[in-house]
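Heads up, there are several structures right after this.
Okay, so chain A shows up in both of these, paired with chain B first and chain C after.
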Partner chain A sequence: MTPGTQMNPLLQVDQLRTYFHTREGVVRAVNDVSFTLNSGERMAVVGESGSGKSAMAMSLLQLLSYPGSVESGRVLLEGRDLLGMKEEELNHVRGGEIGTVFQDPMTSLDPIMSIGDQLVSHMIRHLRLNPRQARERAAQLLTQVGIPDSEARLRSYPYELSGGMRQRVLIAMALSCKPKLILADEPTTALDVTIQAQIVELLKDISTETGMALLFITHDLGLVARFAQKVAVMYAGRIVEYGSVYDLFERPQHPYTQSLLRTIPSIKGPRPKRLMQIGGFPPDMRQPIEGCAFADRCLAAVPQCRLEAPELEVKHGRQQAACLVDGGIEAVIGQTMPLHREGAEPLPQDELRVETRPVLELQQLTRHFKTDASLFKREGRTVRAVDEIELSLDPGQTLGLVGESGCGKSTTARMLLRLDTPTAGEIVVEGVDIAKLKGEALKSFRRKVQMVFQDPYSSFNPKMKIRDIIMEPLQVMDIGTREDRELKVQDLIRTVGLDTVYLDRYPSQLSGGQRQRIGIARALALDPSIIIADEPTSALDVSVRAQVINLLADLRERLGISILFISHDLSIVRHISDKIAVMYLGKIVEYGSADAIFEDPKHPYTQALLYAAPVPDPVAEEKRTIRLIGGDLPSPSNPPPGCHFSTRCPMVTDRCKQDQPVLEQMADTRKVACFHAS
Partner chain B sequence: MRHRFANLTLASVSYPLRMMPGLGWLRSLLGNRIGLIGLSILVPVLLLAVLVPVLPFADPFKTNVSVSLNSPSLEHPFGTDKLGRDVFSRTMTGLQTSLSVGFLVAGITLSFGLLFGTLSGFFGGKLDRLVMAGVDIFLSFPSLLLAIGLVAIFGAGFLPVVVAIAIADIPRAIRLQRSLVLGIKSRAFIDAARMVSATPGWLMARHLVPNTIAPMLVAASITAANAILTEASLSFLGLGITPPEPSLGNIIREGQMYLQEAWWISTLPGLVILLIAISLHLVSDGIREVLDPRARKS
Partner chain C sequence: MADYAWRKLLQLIPTVIGVVTLVFLAMRMIPGNATGFMAGDNLSGDALAAMTERLGLGIPMWQQYVNYVTGLLRFDLGTTIVTGLPVSQLILEALPITVMVAVLTVLISCVIAVTIGTIAAYLANKGKKWFDQLITWLTMLVDLMPSFWMALLLMLTFTLTLGWFPASGTINFSDPGQMLQRIALPLMVLCAGQIAMIARITRTAVLEVLGEDYIRTARAFGLPQLRVVFRHALKNAAMPVITVAGLAFGNLLNGTIITEFIFSIPGIGTLLINGINSRDYTLVQSVILVYAFLFILVNMLTDFIYKYIDPRVRL
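After this line comes the complex of A and B, so read on.
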């Protein structure tokens, strides 16, 4: 299993170097990357956005878009160099010998061609089958990738399929010409956790059955542990660590890998108060990098690191790592992590805050959307986006709201902010029902609840400076004089750990992590008592995620703010939440203390979510029995009768298909809506 | 009266530029090759038109039959017409009229487009349906025909021509602004502002218009080019600027009878129109490229 020792590797990449010649300068995206991949091997390339992993993958196939170009290196597929090939030969290799699966299945499929036609034309071109043979094979392939009723499905169009189904079709397409290698670039990133688990399992099975090699590009270390045999970790266009999955996870050698693995909260075991975080942000690839690119963020950096760029070398006879410091950060700090804290010390706990009245209570909160009645249908359909949910949030606590897309969690958030008006039910904030507030009363409520958005870029007006963005709530609410506001803004930006020089920049000049800090500063501008964080870390890089989570946790402690944390990332939810509510199709199916739910999930859907979440530990992944739930999320406009989860539940009985279970108290720490929970 | 308008139109174009946060993009327009070519034609032509009254040109109205239909020479760079008037100074005076029409129409169209498009897109509902119904009605007439009809009602002359062309162009501007507003309305920063009780006026002034003004300016520069062409067409048909007041259109019309013996009377002003139209289009391409990196090619 030692990499690079086999005689005839399937794919051998040598000193690959890819640059993008942009107007702003040369972006050195891939710098001297080398690795080998043998037949039947599953290799993962891990890295954050901008690490060059996708540019590297595109370089292999010569699919770089302008202004990218491969500067030097070799890419040998069974000894033939792909870089020197003519376009005609390359077209035979792409799709024929190397299949590809990309992130977004919707843009990879032709929207006006049926699935069958797309598969068939592909096979006629590459395998020279006649149309009938090709169609038969297409149906077989769909069955192989787990699409039921494949004959009928061949006539479907991409828009008729769910995201997971479309990704299966793409995999079928990649498989159709019996390639030797499949290149999958973030194939599950756009999918929900339960669907992601299905697709990963499918790719793994296919590679085992057919002996195909797999090159899997991802940012998710958990998926790597579940899936790969070999790993290359990329940072700033270089492979910084390269070896077998066991070596790499058990004894990571490069400080970047070591730090990354520690920033990810665990879904089992004790919860640390703070996550280990990597300071700073990834380097700007337009600037030439002196020495080691990670040196500025590295705990183990020595002066030599800034002068000399380390080469990959074998460490302790196991994996290769590019680091001058033997043992990486462990050499410096040992096994225990210092909890470095930013910002000021916590304020003394308010003695008076012993009141246990919740700051937020939802009672029978409901939001139905009616689709318009059309010419042919007299009555529109009702979508029960949020259906009679009840939750409460105590002062200074965090409530995690978990669920897949379409479960109603974002609609709930919009109602809490009164960006949307509930159909029925009450939203009680500090004892006042705000569901139907209007005018001045609504305005004064708005100071109490603020939100941190998922995508920190689209939540800022690109034409406004950071100063104006943070100041906007104060201006709109007409708070303070001009000088007061300026002081407040400076105070806020320091609170979130940024320097005041950023106030004069535009959002596009900031990195993702910095923008999310600004998003938090803006939410804090009105001194709210509740912050709603809607997937605040899902658009961020792994190394920056922990910074934002720690910041939120610190603010909760220092300012006594309560947080409603919406996410699909179970490990982060567990880390930050005191209580958790799991939502499925507009209903809460399990609700209780975070520890109890993660320790012993009662609802089959919660269990499925936990199984689906990969753990960044290959040994644990191997030992885990992974019981996946099949099928797709039903449409919220047409949910199954009885229990909404009955169509995917492994424990389903006849009763589940007729009656809907209600949320019932189980023990004193939680409520579950399932007939089988006991 | 013409001169006053020339100044007013310049002001109406530079106002939204000042409103825009940061003029960085204007600087990058100067660095953009296409935009720079366009500007380097447009700016001298504009200056020339504005400075006509103070420059030592021949009197555009003075007839002198002794030099009737003289071909281009140093004294008369564009030659003379049947009545012996200097075609160059008539063209320059006509240019002033044409550019005034172009920029005035663009300014009016931009203002109406911004106002109604923003209101319609932002509030939706009944107002939107009403505005859009009006837009659809106007758009179902060919714009030149609409302008001809309006001139027939109000009579020929400078103001009726401007109003007629603007009315034909406003619906398009409204529609563009409305679709831009609809796109931006759903962005998260609008929610973020609504979350702190921002009023509709605040949202429109601080968030919507600043984000739509740039593409609207691109459209306005094309509107200006088209308005100049439409004015020329109307004047050529005898429905626009009435002689002896020169406009590029009516100079061409007058010269049309003498194409055989004096080609310069129609051809040279025609080339000037071409030059302005091309430069305006280049400028708008330049603005678009600077604002939308996706439009850039190698």
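After this line comes the complex of A and C, so read on.
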């Protein structure tokens, strides 16, 4: 690189403003966003949904969908303004100079075109290669991004590849035309943690090797710490904090960043009773915002905050934040409430509750599916979705169930709810085996176990009022008179911390966090003894996750409910669980107290999960040697012989490939299924 | 693929048996019979009975059924009751005309409908709703118009006033120009209904695909918009369009019956109507059997097109 170009940044975004002109009004998605990115630099843009981060990214490429439009500003790529460019010139920049990796690898590739054809066409256009050269380069690229047998893979269709593989294909596509900048919009959000770790390492390596700059858009602060050198935090369409990754994590200046970092539970150290939470919900971007958008949720807000929208200004060294109060919440935190984790008392230890009968016991619980055998095919295969698992849950406790998608977590949940009938084994709830219940007995059992669903956006009938949604279980079970039910519903909505005025609204009028509270209220309607929470926070904004977790923890304490908490987010699982079970391909591989497992994981798979989980601390991330496990989850219909994890395990020996280890007692509170655990 | 074709053919057997039986019974449930139609008011008593006997209608119904089915097994469709002509010959003469009209209708309407549907979707995706609204409004209007009424309107305009297209006369395959002129009006009537439906489906399908992530991916790699539409959007939107076009072909077979009759085109539709009017059981049974075969054939064809377009489809 010549000294002349060193002077100019690769990408300079200046006062970018993007609006969506909808019928309901103007959504000011991006407001005066400015930043610069140099060659070879890795920058992260962090924000929750609606913060304008994706709209900003699409504005750079001029690919906003209707009714979005860039109102003003400049986007300079090596000094050329992309905003004034003609479509033909832009089409040269798109793909040729800026490669893009999108969020969902499942939907980002054309499903009916082969991988090869999709890769090759862009190279023919941008690099002016002939088809044969392009195919050769495509095969090389697939090898480079870690796809084995690349020649054959070129002929595959997307549906024949796993999510992780597809994301590798998309990365290969982004690299294919030798761009100067790669734009990655939540590239790992749809993937499992172990695959996420692989993809992040891949992107990091690529930028180091090729000198490409990377703009990484995410909502996950842990990933930022692992990945980025520079960070911009967005809230309600503005950059509220901007600086180097070390500064940002060490001394965050904006109250939003400061609070967000505090809401994330740690995977090390003592556990507080409650997480710090940010009150309220992100602003509705359809409404005009007066003053600072974060003011309503900010602990440090002063009256001036509601009148005047602060600009980004230098706070510390080169670190910038948009806040009127110097020091943000740090300035006021001592006087208001003990927010630090250190201040909170640790959870009571398990040992204190002895001799209680478990509220739930699973014995040899098994669910096998048979794939269809047809006239012209040989007999179907057996998928061992859940294979002889044994768990127990004590009253008022939380059991965390962890594992990658396809490991059998959700099948287990379905069986506990008796939405699915086990192939074999027992489900003992309060001393009664409910595995084979039928008719009236089954109906009355359903009161005991209730569910909180993952996606609060799709788990309600949109045509029903909140009142009717919460009341429905009471009606189904024919409990009480109309008046009784009404009182109960009012009681329930207050229990989950919402006002009774919401009872007359429809789900679409509520935010995600409010809806998940309604989901919890509905689950509580029948006074269950067990609640199954299947990824209850994964569809929520980062800033409201802690609210929902705290609510669940409070309810457990107040009502004595037991919770089965299913999640892939290890830090949240650790925070809320007393015991943890790690599942892999239908089997439990490690089972024990949450603290013990996180402190000293015994099974190589648990270790891998912990290594893969990013920690919101760039210093720790840098020190950590990340031992990745390679490959994808094997198909449950055709698991490897011997130990199911043997194909990905770093400690594998010949014995692992032949014999299957059983879950054995290791210590007082721990069971592990591994020959090498000690 | 071959495996699939065999399976389909096996499935055909119960379908054919069902159709044959149903038609056989239905025809005999309509009041009146062939003898009555031929004799009018002139015959009665013994003479009528003798005629019934001669036409083969004197034997019990189950016997008639057995005779008919055994005939079919020998690929013998029999002779018409009324005129005594071989049914297979009548069908072979009429079928090419109907098939030609139907195939032309499907081709022409697909080309026009997919074009305007795609344009409507493309513009709607960019927020230009006026063309989209115009198309939706127009197609609705055409769809609501009864086809016989439109046929009369067209005849009034193009035959009686302008004198461009004849509304009756023979159809001669050796003179394509004259033939096209002859079938122009029925084609217009049949196409109008199909275009309206297929255009609406295309619009919806393409609009949906244009919102998909892989379209954004293609655009983010610099593929010009029009090529995105042709390379990615149309092919992905093809499935519902083909489904509807396949179903439309079935409706079309119904449509040809009325339209052929109005424009007096000697296709199997006209043959069927004549057969029903004269209660000519063997003729009607055979014509409906032909319809059933055509329908199943089209179904198979659409399945093969699915497989060709989308590698995920398993036959």
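A few notes on this one:
One rule holds for everything that comes next: the second predicted complex is superposed on the first by the 649 of 678 C-alpha atoms of A that agree within 3 Å, B and C clash if a C-alpha of one lies under 4 Å from a C-alpha of the other, contacts with A are read in each partner's own complex, and residues count from 1 in each chain.
By definition in this document, a contact is a pair of C-beta atoms (placed from the backbone, for glycine too) under 8 Å apart; a residue touches a chain by one contact, two chains touch by 3 or more.
Not measured: the values here are computed from a predicted model.
In the superposition on chain A, A:465 contacts chain B only, with no contact to chain C. Within the superposed three-chain model, A:522 lies in touch with chain B and out of touch with chain C [touch as defined at top].
When the shared chain is aligned, chain C comes close enough to touch A:87, but chain B does not. Within the superposed three-chain model, A:16 lies out of touch with both chain B and chain C [touch as defined at top]. By the touch criterion defined above, A:66 lies against chain B and chain C together after alignment on the C-alpha atoms of chain A. Of the two partner chains placed by the overlay, only chain B lies in contact with A:476; chain C stays clear of it. Once chain A of one complex is fitted onto chain A of the other, the partner contacts of A:442 are limited to chain B, with no touch recorded for chain C. Once chain A of one complex is fitted onto chain A of the other, the partner contacts of A:453 are limited to chain B, with no touch recorded for chain C. Of the two partners chain B and chain C, more chain A residues are in touch with C.
After overlaying the two complexes on the shared chain, residue contacts for A:113 are found with chain C alone; chain B is out of touch. Shared contact residues on chain A (touching chain B in one structure, chain C in the other): 66-67. Note for the complex: chain B touches chain A at residues 20-22, 187-189, 191-199, 202, 206-207, 210-211, 298.
Against chain A, in their complex, chain C makes its touches with residues 3, 7, 125-127, 211-214, 216-225, 231-232, 235-236, 309-312.
Partner chain B is touched in their complex by these residues of chain A: 66-67, 414, 417, 419, 442-443, 446-447, 450-451, 453-455, 458-465, 472-473, 476-477, 506, 522, 526. On the chain A side of its complex with chain C, the touching residues are 61, 63, 65-67, 87-88, 90-96, 99-100, 102-104, 107-113, 121-122, 125-126, 157, 159, 170, 173, 177, 375-376.
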